[in-house]
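The same chain A turns up in both complexes below, where it pairs with chain B and then with chain C.
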Partner chain A sequence: MSSKLGINSELQDLTHLEEVEASILFRIDGNVVDSSFKEEYSHKLLRTIQWCKANVDKVSLEMKSSNLKKVTYELSEFCVIFYVVNNITILTTISSKNANLSLLSIESKRKALLIANYL
Partner chain B sequence: MQIVAGTTSHRSIHTATKHIINDVIGDINGTPDFIIVAYTPNYREKKNYEEAITKLCEESGTDNIIGGTFPAIATSNDTPTTQGCSAIAFQSSELEIQPPVSYSNIRINPERGADKLVKLFKNNQKLNTTGFFLTPGPNFPPDSFNDMKMLDTIFAHKFRGMFNQVGKLINRNMGKKGYGVTSFAYKILKKLLENGVHNTLGGATVDLDMRSCFQFQGNDIFQNAMVGTTFASDSLNFGHSWTFDKSNRSKTFEITNGLKSSGYIHTINDKPSKEEFLNVINISSELYEEEFKGTAYASLLYLSTLKSKNQENLPFVSLCHPILNGVIATIPEEILDESDKIAEFCTQSGIGVQKSAYQCAKSAVQGIDNPAFGLFINCSNRLLIAGDKTEEENKMITEALGADVPFMTVYSGGEFSIINHKPVYAAVSVHGLVGGYNKSPQKNVVF
Partner chain C sequence: MSMINTERISSGIEGIDVLLQGGIIKNSVNSIVGCSGTGKTTFALAYLYQGLLNGDHTLYLSFEETPSKLIGEAEALGIDIRSLTNDAEDLIHLVESEKIVEFMTNILPALAQKLKHRNIKHTRIVLDPLTPILWEFPSEKEQRKVLTKIYQHLSSLGTVLQTIEEPNAFGQTDIGATETRVPIYLSDSVIHIQNLGLGGKYNRTCKIIKSRKTPHHEGIYPLNFVNGPGIVIDTSSVETVEVDPMVYDIRYQELMKKVKELSQDKDPKKRIIAQIAKNLLGEREKRDTRQNMELVEVLTDKHVLQEVRK
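Up next is the complex of A and B:
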């Protein structure tokens, strides 16, 4: 499987989980490498994605300087997990606010490792 | 002897199964004798699991398959997943694994299910024998708590002896619907013990979203069944162990009054149980609800233990539902009977969970010079505590067993063992079985 297809398949796996709304692979400068969304998405979700895009550079800088592997934000409508994939990419998982974050972080970590193998 | 383990993850159960067939079955030279397979519950429909297991049977060439659904699964060679499949396949002339058995409706009649396992044990003529079985796990869909409201009535408080019978009826009724806790598993352990079984390992399938969980045996998919088999060998030894994170002990409390038949506690420290329970753990009911509603209101971090006369401190889960005044405790009647009713809190931590996994594996492998495989039943509550550090637990197990030893870990809704003739029914714990060789041949010692 080519890297592009492989990465997209891993992102789709994440969005297939019931409570996950979107999964996006960001470059640390905020550019999107690849993404996957649930078929129906709301304006609220789009606003959250914009928030992620606008902040991913700051978040990744903080993660790099503090040597963090994962950062979780609990926003009013959604939860966002940023997971370091490699030096230049970050996996972002956006879930509903009621998601079980412990379980979700297990799968985000696994997907970050699998995506790193494709890059 | 060939033992191969693997984990795969995919949104489609068919793709996940295809990968597991390639990675695990494909690595076995010939037809495997026996396979343990575990899927995560996110594929939901029974039909999906039926198709996957049928495919697995066809491609592997054997019906000697047991398994179930668990919130997360892992093997020695891969990171845990919450969306996929794990399997461990065996092919060996030295290891005799009996064709597996199943008994549906195990919640209602555990003794009859245990009889099937007893028969398997009696069929074995080998030097060393152990068992492995899976059951349905705790299931508390929102409706189920309504059935328990009558346990709060004034009559239930005043006439506990009589209401123990009502409690039994409620348990039975919930069992028929597939609700309730796994305390029936204690009856299976007792029955096995009565029939001379001295070692076995068991676990409960569970879906943390409190939807259906399944058990597999051959091509059959069940919702409330026990599935199991026995491992026997003249050349391999089997080591068992269990433990939990007991590093952070805090307050104690007294289970003053309750309905033992249904594990329903009315008073703690002579005060109304729910209020006093929340008081002891120092948490408001609003925060408790917010924190634990995702896990059927079970207080995972605050693990209670009871000191049993015949066993060590046994951990159990306590559950406070907003519509109930009492506390549901996952303590089998028999354990409550033989304990001094003084419970102790052990607060769980990520590091403690990792350390206890190492202790369990290290202790199970004691007395085995060359471990060949491991099976671990680890509590799904520990999974929630460890989160994405769950992988570290498996690294600890690898450290204890050795780098090349295949093992499988399933995150269950109840862990059970018989270890050296003692039954262990525990919650939020890890139980392990390790098979392997000794350098010097074992001798029969007559005392």
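Up next is the complex of A and C:
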């Protein structure tokens, strides 16, 4: 499987989880490498994605300086998990507010490791 | 810009008429703002095509691309202008950059007068893109003076659609940039199209920034290039009335709190009312959020409250 297809398939797997609204692989400068979303369009989700895009550079810098692998944000509408894939990419999982964040963190970690193999 | 009436015309772009709650207002000036590659020209070509379908007179002024190139681009997206007219290339007029100032200040007003005398009822006018004209008048004061004059002439002739280049890097936006400020200020409606580069439905989007004399739907909607209509705006989320169950749940909790207070009151009448309310509300665990919402709707209804007071 090509790396593009492989990454997309892992992101889609994440989005198939009931509580996950979107999974995006960001480059640390905010550019999107690949993404997967739930079928239904949502204005609120778009706002959250734009927030992630605008902040991913600062978050990644903070994670690097503090040697963190994962950061979770509980926003008013959604929860966002940033998980480091490698030096230049971050996996972002956006879930509904009532999602089981512990399970989702484990799944994000697993997917980040799988995606890292494709990069 | 002053508008003659609120009669509307179809934009030719699926979804835009829904967002503008009925279409573009006749004899208005409308701007499509976006970075390169967002679909501004396709938008303009679809508008021209709709005009031909409606039997409107059309005037497409291109300041950059040749008519044959534009018609070729339209055909690639399924907008078959040639199928509606034998002289498709004659519909689009290329204005060369060195003649822009003369054209806009002398030829266009004269052309407008000529068309008026020919008793043409309605014309669809396209300025694609307006940006080279703005470059010819660097000061905002001058831009405003020239554009006001041009818009007065054109809007008396018909409905204007102009495209404006947004000077930004890919995925970024600055709708209030100096280069776009004056035309946006003078336009009756402004449609902002973006390529966010997020992928899927969130890649290309459309938003109505401004719409004079007509209400419009707020929010950012997905935009897709589709073979046939050219551009389609997905407005499926427009009809959805968003109800926040939390609001209703809070109201439910407040209601329960009041009932509890009443049940502890010394007045036996109040305690009886509390008992009735408790019976009506039942156990919270037995109901889902939707049922709670329905119950709160009924219990907070004006007429129901009046009956209870009686």
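The criterion applied here is as follows: the second predicted complex is superposed on the first by the 119 of 119 C-alpha atoms of A that agree within 3 Å, B and C clash if a C-alpha of one lies under 4 Å from a C-alpha of the other, contacts with A are read in each partner's own complex, and residues count from 1 in each chain.
One rule holds in what follows: a contact is a pair of C-beta atoms (placed from the backbone, for glycine too) under 8 Å apart; a residue touches a chain by one contact, two chains touch by 3 or more.
Predicted model, so just to flag it, every value in this text is computed and none were measured.
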Superposition on chain A - do chain B and chain C clash or fit: fit
First (chain B), second (chain C), both or neither touched by A:Leu101: first
Angle at chain A between chain B and chain C, C-alpha centres, nearest 10 degrees: 130
Touched partner set for A:Leu5, first chain B, second chain C, both or neither: neither
Which superposed partner A:Leu46 touches (first chain B, second chain C, both, neither): second
First, second, both or neither for A:Leu61, with chain B first and chain C second: neither
Touching partner for A:Lys70 - first (chain B), second (chain C), both, neither: first
Which of chain B and chain C A:Leu17 touches, first, second, both or neither: first
First, second, both or neither for A:Asn31, with chain B first and chain C second: second
Smallest separation in angstrom, by C-alpha atoms, between chain B and chain C in the superposition: 6
Parts of chain C lying in touch with chain A, wherever the complex brings them together: 171, 196-202, 205, 219-222, 234, 236-237
In the complex with chain A, residue positions of chain B that touch it: 9-11, 42, 71-72, 79-83, 208, 294-295, 383-388, 390-391
Footprint of chain B on chain A - complex, ascending: 9, 12-13, 16-18, 70, 98, 100-110, 113-114
Chain C contact footprint on chain A (complex, rising order): 24, 30-32, 34-37, 40-43, 45-46, 49-50, 53
